[in-house]
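In order of appearance the chains are A, B, C, D, E and F, and numbering begins at 1 in each one.
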Amino acid sequence: MTLMPQLTHWWPRPHFSLFLLVLWLLLVNSVSPGQVLIGAVLGWLIPFSTQQFWPERPHLHNPGRLLLYMLRLLVDILRSNLTVARLILRDPDTLTPGFVRYPLSLTNEFAITMLASSISLTPGTVSAGLSPDRAYLLVHVLHLDDEDELIEQIRERYETPLREILE
Amino acid sequence: MMLLSTVALPLLGALITPLVSRRSTAILPALIAGTIGITMVSVLLSQAPDVLGGTILIEHYPWLPGIGLSPAFRLDALGLFFALIIAGMGLLITLYAHFYFAGKHGAVRFHSLMLAFMGAMLGIVTSENLLFMLVFWEMTSLVSFVLIGFHQDERPARRGARMTLVITGGGGLALMAGVLLIGNSVGSFQLSDILAPETALTSDPLYPWMLGLVLIGAMTKSAQFPFHLWLPNAMTAPTPVSAYLHSATMVKAGIFLLARLNPALGDTDAWLYSISTAGMATLLTGAFIAMFKHDTKELLAYSTVSHLGLITLLVGLSTRMAMVAALFHLLNHALFKAPLFMMAGAVQKATGTRDMRRINGLWRTLPALTVISAVAAASMAGLPLLGGYLSKKMFFIESLGAPVIMPLQWLTPALAAIAGLFSAAYSFRIFHNVFFNGKPQDLPVWPPKNPGVGIQIPAAVLALAVVLVSWHAESVVHGLIGPVASAAAGVALPDYDMHQLHHIGTAFFMSLAAMLGGLLVYMAREPLFRLYDQLPPADAREIFEWLMTRAGGRAERLVHALENGSVQRYIALIILSAIVLAGPVLLSGIQWHGGETMTPVDPLTGLGLVLLMATAVGAVLGHHQRLFALLLLGSAGLFVTLTFARFSAPDLALTQLSVEVMAVIIMMLALSFLPQTTPRESSRLRKGRDLGVAALGGLGIGLVSFAIMTRPHSTIADFFLSQSKPGGGGSNVVNVILVDFRGFDTLGEITVLGIAAVAVFALTRNLQLKDRIPQERDQYWASNPHPLILRTMARPILPIALMVSAYIFLRGHNMPGGGFIAGLITAVALSLQYMAGSLAWAHERMLTPFRPLIGLGLLLACGTGLGSLLFGEAFLSSWFGHYKLPLLGHLELATALLFDLGVFTTVVGATLLILANLGKLMTVHGPGKEIG
Amino acid sequence: MTATVLPIALALFSLSLLLNLYRLLRGPDIVDRILGLDTLNVNAIAVIVLGGIYMDSSLIFEAALLIALMGFVSTVAMTKYLVRGDVIE
Amino acid sequence: MEALYATAVGVLTACGIYLVLRGRTFPVIMGLTLLSHGVNLFLFASGRLALAAPAVIGESADPTDPLPQALVLTAIVISFAMTAFVVVLALRAAVELRNDHVDGVDPEEDWRP
Amino acid sequence: MNHLPVLPILLPLITGALLVTLPRLGLNAQRFISLGATVAGLGLVLWLGSMVLEHGRMVYALGGWAPPFGIVLVPDRLSVLMLVLTATLALPALIYACRGDDDAGAHFHALFQFQLMGLNGAFLTGDIFNLFVFFEVLLIASYALLLHGGGTARSRAGLHYVIINLIGSALFLLALGMLYGLTGTLNMADLAVRISQAPQAGQPLLQAASLVLLVVFGVKAALLPLLFWLPRAYTAAAAPVAALFAVMTKVGLYAMIRVFPLVFALDEPLAALTAWQWLWPLALATLALGGIGVLGATSLRNMTAYMVIVSTGTLMAIIALGSTEALAAALFYLVHTTLLTGGFFLFADLIARQRGAAGDYMVVTAAMKDRRTLGILFFFGAVALAGLPPFSGFVSKAWMLQASLAEGAAGIFWPLLLGAGFLMLVALSRAGSKFFWRQSPERDHDMRADRVRLACVIVLVGAGLALSLAAAPLMDYTRSVAAQLMAPGDYVRAAQEADLRLTGGH
Amino acid sequence: MMGESMALPFWLDALIALLLLSGALVALLGSIGLARMPDVYMRLHGPTKASTLGVGATLLGSMIWFGVGHEGLSAQEVLITVFLFATAPVSAHMMARAALHRRVACREGTHGEPWDEMDRLPGYAESSSSSDNQR
């Protein structure tokens, strides 16, 4: 380990730096020039000094669609909560839980993560594992009616958009 | 100066001898010692006329006047008498030793030690300061110890030496106590004050203690019963030592001391009975046993014991003339015993043994020595007209007039006569058995060789002295012993009536009876020996060793029963001590409720506190399941955090939370190498005891806490609140206290953290964890350690957490936050990378190794504090300023921030160093490779 | 209206805390306990935020932020421990 | 509130003491942690309990005593350092002594070589 | 402004930090830095001593904050005594360590410096919480030093030592909480004033606090029944560390004589303090146990550890008498015993290095190569330790006996003190004869004693003689220390009158 | 305690109240699920969704409350919310994985028990990290 190992990129993540600047201004709750300066410096310095920890570069094709995806996800989350609320208050004995293997077609790591997260946040499903060869996601379903329908739903609502956005 | 140099010269000689003699001829040490001896004798003799005339020479050298410990010397007749014996005898022994050690190694050591001893002995007898005398007193014990152990490779020598040291050293300690009591009572340790007529020690309530302690000191030194055991065992020393230390000088120190203190302590019933009883017991024991010893030196040793008893008895008798008798006998004993020892040494040289059953008929080989020994033995036996006869007769006379209570009046002379009888018997024996009594039997050296003239000269000189003293007994007694005895008695004594020694009275018949009886006993020795052999064997040395070993063993067992290595017990003792000490004080009339009104309980806070207690109790109940208990511990930490947050301590809440998580992670890292469960091994009793201790402790702390919280409160806090902004430049008072008002505490605190991290580094550096304690879980270890989802999510968390950390850091001075918390956030964020990636992966990406971070953090904090020195301010004086900059607007700069940066850096470095090195243990790369 | 709702919300969250603690103490598996603690952390965030509204002070929100961060990290650490027997390797 | 708080301090301390008296290193370390919780809360309370009165200038009219907070902060940090150290030491001792008993051995065993 | 008071803390801190910052630094460079700093530290404390002699007492307000608000360092005669003693002991111990002990583990020199920093800080501070902090600094450093070099015995002893001291620290905090909760201050002088003015209702709690402090300091000072951690810890530690530890028990003692007379007995006699009353019986019991332990020890190291206990028992017993003279005698003895026991820890190691597997255990082995030199040295050291003349042990013993007699305490104290001395004599003579007199017939060990190590031992053992020769000035000094301690009012006045302005924003 | 001075528009007040109350209810629902469900996998569902959402709603309410007229909009709540939503699935994933690896039993009647295949997939060795191979 040497002091300052390969810090190759002088500005590794411009978008992220911008995000950090905004985050800083929100945190300090001020837009004074001094704070902007500090935020800008930190926004550059932190990604710069930690770039080795984040070697992957997700290529975002369409930030707008990602936002849209997020919005849809939010709606699904709200819906899922209503579903889960109903299930939780039901007699647990009437539930039919199960594990479902969801065959993945995504390859991008970030995309897989997004998908897994989306599954976990939405109706009655938790992504419980990723097969070591990344061939499928193991999904636990609180109340399993129809396995194929569930897989189809996930593919349609989440995986396909994600592939389009991220791969 | 004269007396000081008298003492110092031999001591100096002792130091010089080994230095100069290392590679020179064998004669040099003897030459040095001899020169010193001659100087001593002549110096002392030059003072003799004045001193014997009543002059007392005193010299003071103030050293530690505060505790009365100052070298002070005094030469009066008593001192001179002893000093002459010491110096004169020393001179002769030096001569003797030169021949004794011819061809052997050890002469340098011997002469050096002899000189040291001579100096010490002279110091004892010329000390004016009683406390300082102890210096010499103990020195003689120590030198004696070394000399007895001269032949280190011989087991009896080592044992004898240790026994002597233990007995005489112990006696020295008692003497020290006695001297201190005397000095305290008199108000001075100077003999002039102690011996002054107006001193009335005998009426001091502590007089029995003084007497007892001094007596123990004197008795141990002078080998009085029952402390006499060391003397025969000291015979392992080279013969010159025996002759000098153990017959002529050191053993007389006790008697000297008694004589010296006689005016101050004597003349009481206690003195009379204690000393004379001890003396009598010694006299009889020594005389009786001596007869049965086949070893020449052992016989002489017991004989010495016996004669010392006799002298002691006389000192104790306190009759007007007993002191004269005592001192005269002391002189005679020195004169006749030393040549006998010298004879024993010479005979040993001639025959290779000291066993009188083998040594016989040596008169042919050693005719001169036969004559010399005849004179000495005759004096010892008390044959008429020799010194021994005279002094022994004096003794009989004194025993007849002993001021003992009525029914015992006959006892003293009777016992004295019996002792005299044995004394005569062993005197005959040592002479007859060695020089006559048939032919020698299987001697190691055959034929016996004459050891030369030189070695016999000192003995001849002494034999001559015996004759001279006997011849001029009257002038010796009147001219020398008289003044000496007067000095010892403290009052001028009339001249001893020498004529009564020539009367044919009771004393004469006692002498006669002793002599004849002694002859008879000697004749009947063979059956007596057989009788004696049937007595149960009692080897003092063996008994002593057994005692010592046993005492050591007992001590070891006792100590290890207490210090049994069980930290559980030690902890219980500590906590119990606190309870036992503080408990009673608290229970005595304390008002628990201090009078302040209590804050009302709101349900949520109440619930939080109840949950806090529940988690703690849960952790105790579930502590056998370690991970579960750890979880509960973590939640207890969470509730503590919430408690701090609730009671207006946001900084504390932040710190507690971060620390808790870090601590739990560290404990979990360790747990993976430890058993997952704790066995149930405490007995019911132990659990009960622990519960009791815990309940008492908890109750006490709870009550005290309640008592304090309900008491009115006035603190220095107002200062901090009012000065925080104007003086410290920050509105978060807690932070200003930490980095400014009490920044020194914080400096210490981060130093502790830094040291802990470095210590963890050092501890784990070479730790081999090859053998992880087997766990049932092992079979499932087969999965990707760095799940994709975690890995991906950990990426963006790092920069965001760092941003938060920067935010917390920068706001710390004015809002909750600060360097410590920021440092922990950074460390946690980085440790997440360790978990999500791997140690190696994450470690390659660190910008810097961790130890320099710790050091630099400390240096930065320290350097910030030092900066104020440049401005003439105290260490850690803070400085801050507000600036309006164009474009950037308002800006505050403060040294406190720099200090806090030091804190931040240290915390990051320390925490990561600990984590990385613990994590390192888990990797297959394992130890060996330093991390951080 | 907020003022009226606030105590109710706090009471509900307290109830949640109790349920979380129940799971934490009850188990049965260690994963259940971790889950209980994790949820406890999340609910504690809400309690802190509500407390902030109650006291009209956002001073302790950093504590909430920290609980979120630290809670996550500790959950990750514990689950890693369960799967791998170690946290960092 | 003070009574309840004091009870909590007492219970934490008692739990700490009980665990500290156990025979294995791990419970002892947990006990030390609980004990330091109890003591920290005790030290904190020496500034008295105050609600909604953080010692931040301008946040509260009657701020609480900040000094005990600073002291407890120092104490927390120090006890963290100590805990980290003792954990590693316990680990090392367990590895070297092949046993995680606090005494490393059966207490009856003779400790001398 | 005179910054001398803070430098004995900063110098080792900066040195230690520097050594941590440069972890790749070669061992020789580390030694050079560490030795240089230690020598400079000795110079510093001597200089500080001369200043204190001139002014009587200095008050250094850190950060410029006037007491009682900020932390003050109050070097007085007692502090100087302890500082010089520590520096004097540290130097030979460090030199000894530089002959190879420092290479047995990581960061010896940094830890050694941190240890010095903790000790010096504890001796200088006038703030009770700051005292706690420095206690922790010196403790964590001592934990690490104790474990330096590794091995099972160290791990076990270290674990006990650490756990016990952690509990001690918890108790310390408890006492501090009580004191602050009742008085609202931390500066010792201010505490003293506030305690003396505290209402009657608060007295039991304050007394309880003082008793908890007694336990805390008692653990550090090795007071029965709190001392059982000591023998094994001191026996297990590397020799130079154990030597330095000789001063560690004295820290507890220092804290007692610093805190109790000043803080709890400002206006009333010390003897009226409950904590002080407890000290006497406990100290006597300690003394007795120490004596027995010395007799029962099986290795020279272990024996020396028990001699440390004897010395703490003696010290605390004599201190418990509470008179100025007794205190002065105790302080003289403290100097003597610290240097001598420190030297003997080194000596035990020196012997052990000569005897192969037998180490310093009292068993018979083949003769040592240097047995004459070592034997003579042992003889003098033993004589000095057992309190026989002409060494400082004798002087201090004579003084302590007299002082206790003046207080009417001779009846119990004398037999115990003299008895312990007697037991030491017995044990040391046995040890000496086993080490130097009795040899098994095997071939002699042919390793020579390292000259530098030997010199270190000679210096420390020779201190027995030097202290005896220079006893008069040292006695005067300890008298003046005791007089200063017994007049806590002066301390309070000095601290209160410290002419300081508030610094901060300019 | 609550700032009495400020006058909140009714609808905003109502919104905040609604957010707080619904947030609390949803979170409670999650906790009930945690307490009530029969196996660990089913218990995971409540907290990951409900509690996150409930707390999110509370945070949103707080954000509005502080943002309007109090201390101005502050980012902490946003940050916390985002953070919670980002991490909750990861936590759930990790816990589920842990449960699977510990072979924590699921309720009887659960479809498709996954034990064996998770550990014995083809290509497992290649895809796992280097340290695995050496164990």
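The rule we apply is simple: contacts are C-beta pairs under 8 Å (C-beta built on N, C-alpha and C of every residue); 3 or more make two chains touch, one makes a residue touch a chain.
Just so it is clear, the model here is predicted, and its values are computed rather than measured.
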Self-check item: Target chain F, source chain A, minimum contact steps
Solution: 1
Quiz item: Which chains contact both chain C and chain D?
Solution: B
Quiz prompt | Chain at maximum distance from chain C, centres defined as averaged CA atoms | solution = B
Quiz item: By C-alpha centroid distance to the whole-protein centroid, which chain wins?
Solution: E
Self-check item: Between chain C and chain E, centroid-to-centroid distance (C-alpha), Å
Solution: 48
Self-check item: Averaged-CA centre spacing for the pair chain E and chain A, given as whole angstrom
Solution: 61
Quiz item: When the centre of a chain is set as the mean of its C-alpha atoms, what distance in Å lies between chain B and chain F?
Solution: 69
Self-check item: Whole-Å gap between the CA centroids of chain B and chain D
Solution: 39
Quiz prompt | Multi-chain contact sites of chain F, meaning residues that touch two or more partners | solution = 1, 30, 32, 44, 46, 52, 71, 74, 76, 79, 83, 86-90, 93-94, 97, 99, 101-102, 118, 127-128, 131
Practice problem: Would you please write down the residue numbers of chain B that are in contact with two or more other chains? | Solution: 565, 567, 571, 575, 646, 650, 669, 671, 701, 704-705, 708-709, 713, 715-717, 720, 742, 745, 749, 752, 755-756, 759, 763, 777, 780-781, 783-785, 787, 789-790, 793, 797, 800, 804, 815-816, 838, 849, 918, 923
Quiz item: On chain A, where are the residues touching two or more other chains?
Solution: 23, 27, 116-117, 127, 132, 134
Quiz item: So which chains end up touching which?
Solution: A-B, A-F, B-C, B-D, B-E, B-F, C-D, C-F, D-E
Exercise. Spell out the part of chain A that touches chain F in their complex, as residue ranges.
Key: 23, 26-27, 29, 77-78, 80-81, 84-85, 87-89, 92-93, 95-101, 116-122, 124, 126-129, 131-135, 138, 140, 142, 144, 147
Quiz item: Touching chain A in the complex: which residues of chain F?
Solution: 26, 29-30, 32-33, 36-39, 41-42, 44-46, 48-50, 52-53, 71-76, 78-79, 85-86, 88-90, 92-93, 96-97, 99-100, 106-107, 109-114, 117-118, 121-124, 127-128
Quiz item: Which part of chain A faces chain B closely enough to touch in the complex?
Solution: 1, 3-5, 16, 20, 23-24, 27-28, 32-34, 37-38, 42-43, 46-47, 49-50, 52-54, 56, 109-110, 112-113, 116-117, 127, 130, 132, 134
Quiz item: In their shared complex, at which residues does chain B touch chain A?
Solution: 783-784, 787-789, 791-793, 795-796, 798-800, 802-804, 806-807, 810-811, 833, 837, 842-849, 885, 887-891
Quiz prompt | chain D-facing residues of chain C, complex | solution = 55, 57, 59
